[in-house]
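What follows is a pair of complexes built around chain A, which joins chain B in one and chain C in the other.
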Partner chain A sequence: MRPILMKGHERPLTFLRYNRDGDMLFSCAKDHTPTLWYADNGERHGTFRGHNGAVWCCDVSRDSLRLITGSADQTAKLWDVKTGQQLFSFKFGSPARSVDFALGDKLAVITTDPFMERTSAIHVKRIAEDPEDQVSDSVLVLPSPDGKKRINRAVWGPLNQTIVSGGEDTVLRIWDAETGKLLKESDAEVGHKNTITSLSKAADDSHFITGSLDKTAKLWDMRTLTLLKTYVSGVPVNAVSMSPLLDHVVLGGGQDASAVTTTDHRAGKFEAKFYDKILQEEIGGVKGHFGPINALAFNPDGKSFSSGGEDGYVRLHHFDSDYFNIRI
Partner chain B sequence: MATLDIDSRAAQLGIDWSQVHLDSIHLPPGENFGIESDDEGVYHDDQLEFDTGFGNIIVVDNLPTVAKVKFEKLETVLKKIYNQFGVIKENGLCMPVDPNTGLTFGYCFIEFNTPQEAQNAKEKTHGYKLDKSHIFSVNMFDDFDRLMNVKEEWEAPQTKPYVPGENLQKWLTDEKARDQLVIRSGPDTEVLWNDPRQKNTEPVHKRSYWTESYVQWSPLGTYLVTLHKQGAAVWGGADTFTRLMRYQHNMVKLVDFSPGEKYLVTYHSQEPSNPRDASKVEIKVFDVRTGRMMRDFKGSADEFSIGGPGGVAGASWPVFRWAGGKDDKYFAKLSKNTISVYETETFGLIDKKSIKVDNVVDMCWSPTDSIISLFVPEQGGGNQPAKVALVQIPSKVELRQKNLFSVSDCKMYWQSSGEYLAVKVDRYTKTKKSTYSGFELFRIKERDIPIEVLELDNKNDKIIAFAWEPKGHRFAVIHGDQPRPDVSFYTMKTTQHGGRVTKLGTLKAKQANALFWSPTGKYIILAGLKNFNGQLEFFNVDELETMATTEHFMATDIEWDPTGRYVATAVTSVHEMENGFTVWSFNGKLLYRVLKDHFFQLTWRPRPASFLSPEREENIAKNLKRYSRKYEAEDQDVSLQLSEQDREKRRALKEEWERWVMQWKSLYEEEKLERQNLRDGEISDEEEDDDEAKEVKEVEFEDVIDVTEEVVEE
Partner chain C sequence: MTIDTQQQKTSKFRWGEMDEDDDLDFLLPPKQVIGPDENGLKTVVEYKFNDEGNRVKITTKSRVRKLASARLNKRAIERRSWPKFGEAANEDAGSHLTMVSTEEIVLERPKALGAKAEDTKEDGLSQLTKPGAVLMVCRTCRKKGDHWTSKCPYKDLAAPADVFEDKPPTGETSTASVAPGPGKSSYVPPSMRHGADKNAMGSDMRRRNDENSVRVTNLSEDTREPDLMELFHPFGAVTRVYVAIDQKTGVSRGFGFVNFVSREDAQRAINKLNGYGYDNLILRVEWATPRPTQ
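On to the complex of A and B.
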């Protein structure tokens, strides 16, 4: 498996997202320009210019026409994917950490960081069909119970009825997306023991996986918040993704960038580790990054995946045919 | 009240405020006129726990009873005696007088500046003879209550009924002949069975906060010692680990067993209050089984740190080195210009005096005999040569000695059965700018103890590591330059030339900096720890061939199990990542890994020496096939059972997963319509794909752009 190295960012990668058709790959990085790539050959298609800070997260609409990005410049922006033009900018008093379009792309959930006096919060925005009609008012604002701890990710539950969030306070929460009521919290006994860094859901919204600095990733039922599986990695987990095709999950991470040893890159274990989703056993790893992995995404066809690292590279991997015949 | 208010109030009352002396005003005791003192809070917080405060007072008894005339004279005499041990406080000597007779009672109290001085004075003058009939009896004032409560009549101690002790060697009778190991990670200390058949460990006993620093097995594996604030404790027993004995020694830092595990030496050092002073060191020797303290040694760290870094670091441990053999007869201490050898019968010095050896810096016991090897460096700028000598104990006879010239340093390595002593000698080159190394090899068991000199093929090679084969006649040396030094094997015995050291072979350019022989010999691990990232090479010295080359990334520790069947390599918490340990077979096959965060220590439980005679062991080795058949069959069964269990587990997991997936699928179907509505009627993913599967057609298309005719000329 020969990866395609995509060098378009000058700073560490933060997030990767494929569109539904799997022909486009959006990447976000700490430099200020989200970039669009051809998901097949890794050619750069274009950039979205306008942010004035690190871009933490993005999501693309089902029809691949709209892109939403959340940035440390305290805005979340809507973009026209075709032209790269900015359509709208939501302003917050603190950095926008994560964004997610709802089913039907008429709503978006945006989380903001604790900043100065402001506490971390989850905002629900209505996305207008015509950008001319777009308003910046929130439909719903959910304050975090422990506002000084950052919410790292919030996504929509099945049928847009719930919102699932996780962050520095290690607790996963399910909120009612209508009323804003807190419905469920993850069990502290079986839950993560350290900051939840990432959250990625299955294509059918039935279950999701979380990665944490406690060196594990966990698989949860999205409706009941039942813990299904735990994947033990030797290193802090920064990014998680699930194969839509096979029963595989992939974890990425590594030693904190500031603690990385200077002697040997192996010491950091900057590997994308593959696990059998059901048996929870490690089945392989893809090495290559020269720093922790911050972002992972599977192509919706399950035949390729890409990883983004602290080293500023996106590595695009098309699986060899052996991969589809792994037996353990 | 602000100053201004006070001033105006004072003026109102006609008081000249500047004339009032505040400190001269005394309020009646217990009365505060309704004003609370703002010192109160501070005062209450300071209610610390105090000692009785009499720790610096001693009581001297058996003094002569004197009349007033002689009172002062006696006082002067006492002051003279006790001023040697410290500063007596002003009016610190108090000798009460009987008001009826005018005579003293025959005792006095002396108050020193510090409890240490008092303690010292007590120890030094108890039993002091002032004259024939007056022998001082000195006690600490604090001990008085205790001494007063001693019953007048002696009571015979009750004889306790005999309770048969637990079988402390039970672990050796394990049916599967497994070995135990202890690990410490986070707050937990765990004893585990190494179960290579199951490819895992089996827990024996686990406790959180079992020890406050580290744990250690006794040399024969009977006890596990833990360290606490109050002292040390040993644990063991037949089924689980129960506490067998405690040894009181406040803030114990280090412990050491005698090789026959009869005695336990505990060590404590205290940082001096004045940084210029040396630390105070206290060492106690306990009888392991009874818990009785046999002797204690006190002193400053300097007295206990010869040969070590000394001073700041405290003593070089172990301070007391035990003579070889299992009878624990002698132990020795190295101090300035002397070697003090004690015998355990009396816990006193042999012949009541130490051995004088000027400038001795290092000593080692033979692991099996009571022979000490010692090293004295060069003196007088090279006028007096350095010397290595062997001394027999208790006769103190020098068996052999060798003078060495232009030596910078020496290191002594005994072979485990006491047959050979290798001395690594670093010598200066002629220019004195660098050193080169060679070996002096002593054959202890041969007549007159012949010495052989061995130099490496390349004299200038640095020696990185040296190790004797346990119970064998071979040794291994890592020499040469980093990062790729060579490893050489030598033997002291060959069939061709019996009594000559011969080289067996050299392995060139290995990534190794440490040697780990199997406890049974024959196999050795060449390990590259630290900056070699944990390279491991399993090597068979009989065949001189590599069995396996592998790596335990960043391994910090390697330890063979006592039988030489398995090896554990560990990454301890000096590294942040991938803490835990790995167990390998003797030939380098990875058996299993255990990951533990904050991993501190791994130690195999030692086994006592085998009772089989060498002949019988040889016999077993010869007929190994016959014995091994049984075990091979067992191995087979276990592995079958394992794979069966494994399959079963996997099947269960798959089934459970299928149930979830089914549930999700049905829910997904149910919600199909709602999803469509949310998407304004657009049919969702897969459903749509089935209906109108997109087809990719490859169309070939030909277009004639231009046609020209060319006439070919012939």
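On to the complex of A and C.
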């Protein structure tokens, strides 16, 4: 396959997100402008101007009309995807690390970093249908038990009943989305041994995958939080994604960006690694980035995927037909 | 798609009043389009004159396929017509933000574990049977296929005498310096001849070299011996520099050795250059230690 290279960002990529129909791709980077691309040919459609810091995360509503972004400028912003206009800005006292729309797009979960005296927290916001009626009050605030440790990702559980979070304290937690009660914690024995960097849900919300700096990715049941599978990568994992079509997971990562210049370029292993979801065996690797991979996303049709790297490039890969016939 | 051309001889036109360049298209039957049928086959029949003025019938058969855009749903097609915004709205055409990679990227399958073990097991003899392969075994460090004995980075470090004595001569090898076994007619330097005083000079030299050899690792690929010489000679007299080059690919393997005349100079070089940033990499400079015997 010949990947499409998109050079719209001047700084490292942080997050990639497809819309539900799979025709649009949103990219976030440490420069201040999230960008919208066509997911088939990689043409740039628009940039969302307004943030004043690195943008860590984004999510798009099911109807592809609203975008929410979380940024290091201590705000999370709502955008109109059609025009690129900012609709609303949630202000926090610390950087917003991750954002996720609930089913139905009536709620959003936003996590904030520990900053000065503030501890890491999970905020649930109500998203008004008309941006005029939007208020900035949180419906629910869940303080992290270990507030000095950053929460890297929080997503909605099945039917919006729970919130699943993971971060620097290596523990995965399931919270009740109504009451804010902590329902479950992952077992320290089988859990990650280092910071959880990424978390990605299956299309049907039944399970999810986490990537960690302990050089593994793990597959978990979303209701019971039991460990299902472990994928061992030789390098820290920064990004994970699951194929909606085949039983494949893809891990992205590479050595720490600060160590890149001190070692030989062959040592980096900056490839997107494909694993069989069930057999936990490596299927193959897709090379190309000149730095660690920070973001990965599968197209909802499962026929293409994109990766975003520390090198500032988004690489959009449309699979060749032989990918769909891989046998281990 | 198939194009079959049938020539139909026609009587030459002898209309004197017509110019040569005149268009004769009106004399041809009209273009016919048949299909596409249920298999997507479309047939186009055209007529035209070729250079000699003959009438030619061209039948073009093509298969019509539904375009990929059929996959897009109605909403997605509508979104396509949305005006661009932000920086994309006034993007000049030559900005080339989106490019198709010139490089073909394949999903690289990891090597099966069994195959890998076999590869390493493959010894020099089996390499010899392969066409074009050379049996290249360094007699000093016993490394196969990497370098000749004369180029061995460890040749100064090896225990001197026994290398030549307890190994049988390997006459078949095409190594540059053949071991001087007894009965061989090749030239043997006086210091290495039987009965020569081996301890007088050679081993002393080796001892000294052994101590003053400095290993440099994490070199960049394009570092060559003159570069190392330039880097190290300010510290004192250098007797030898060596950069390990991969025989197959011709690129540096990322390490090398530097020998100093005096130990103090070598120590100063180590102190100064260990952790030194050279060609975007950080060098590791340390005393070369002899490899543990296998």
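One rule holds in what follows: the second predicted complex is superposed on the first by the 324 of 328 C-alpha atoms of A that agree within 3 Å, B and C clash if a C-alpha of one lies under 4 Å from a C-alpha of the other, contacts with A are read in each partner's own complex, and residues count from 1 in each chain.
In this text, a residue touches a chain if its C-beta (ideal position, glycine included) is under 8 Å from a C-beta of that chain, and two chains touch if they have at least 3 such contacts.
These numbers were taken from a predicted model, which means no experiment stands behind them.
Trainee: Which term applies to chain B and chain C once both are placed on chain A by superposition, clash or fit?
Mentor: Once both complexes are aligned on chain A, chain B and chain C clash.
Trainee: So, A:Ile283: does it touch chain B (first), chain C (second), both, or neither?
Mentor: Once the two structures are laid over each other on A, A:Ile283 reaches chain C alone.
Trainee: Touching A:His207, do we find chain B (first), chain C (second), both, or neither?
Mentor: The first partner, chain B, only.
Trainee: Between chain B (first) and chain C (second), which does A:Val141 come into contact with in this model arrangement: first, second, both, or neither?
Mentor: Neither chain B nor chain C is touched by A:Val141.
Trainee: On the A-aligned overlay, A:Pro158 touches which partner chain: chain B = first, chain C = second, or both, or neither?
Mentor: first
Trainee: May I ask you to decide whether A:Phe274 touches chain B, chain C, both, or neither, giving the answer as first, second, both or neither?
Mentor: It touches chain C, and chain B stays clear.
Trainee: Going by the contact rule stated at the top, is it chain B or chain C that touches a larger number of residues on chain A?
Mentor: Ranking chain B and chain C by residues of chain A touched puts C first.
Trainee: Based on the superposed arrangement, let me know which partner A:Gly104 touches: chain B (first), chain C (second), both, or neither?
Mentor: first
Trainee: Examine A:Ala188 and indicate which partner it touches, taking first as chain B and second as chain C; both and neither are also allowed.
Mentor: A:Ala188 contacts neither chain B nor chain C.
Trainee: With the two structures fitted on A, what stretch of chain B runs into chain C, 402-410, 600-608, 618-626 or 654-662?
Mentor: 402-410
Trainee: Indicate the residue numbers of chain A shared between its chain B interface and its chain C interface, in ascending order.
Mentor: Overlap of chain B and chain C footprints on chain A: residues 263-264.
Trainee: Tell me, which parts of chain C touch chain A in their complex?
Mentor: By the definition above, chain C touches chain A via 68, 71-73, 75-76, 79-80, 82, 84-89, 91, 96-110, 218, 220, 254, 280-282.
Trainee: Of all residues in chain A, which touch chain B in the complex?
Mentor: 20, 62, 102-104, 106, 158-160, 203-204, 206-207, 215, 221, 223, 228, 232, 234-235, 247, 255, 259, 263-264, 266-269, 277-279
Trainee: Under the stated contact criterion, what part of chain B meets chain A in this complex?
Mentor: Its residues touching chain A are 531, 533, 553-554, 575-578, 595, 597, 650, 653-654, 657, 660, 664, 667-668, 671, 674-675, 678-680, 685.
Trainee: For chain A, which residues count as touching chain C in their complex?
Mentor: 1-8, 21, 23-24, 33, 35-38, 40-49, 63-64, 82-85, 261-264, 271, 274, 282-288, 301, 315, 317, 323, 326
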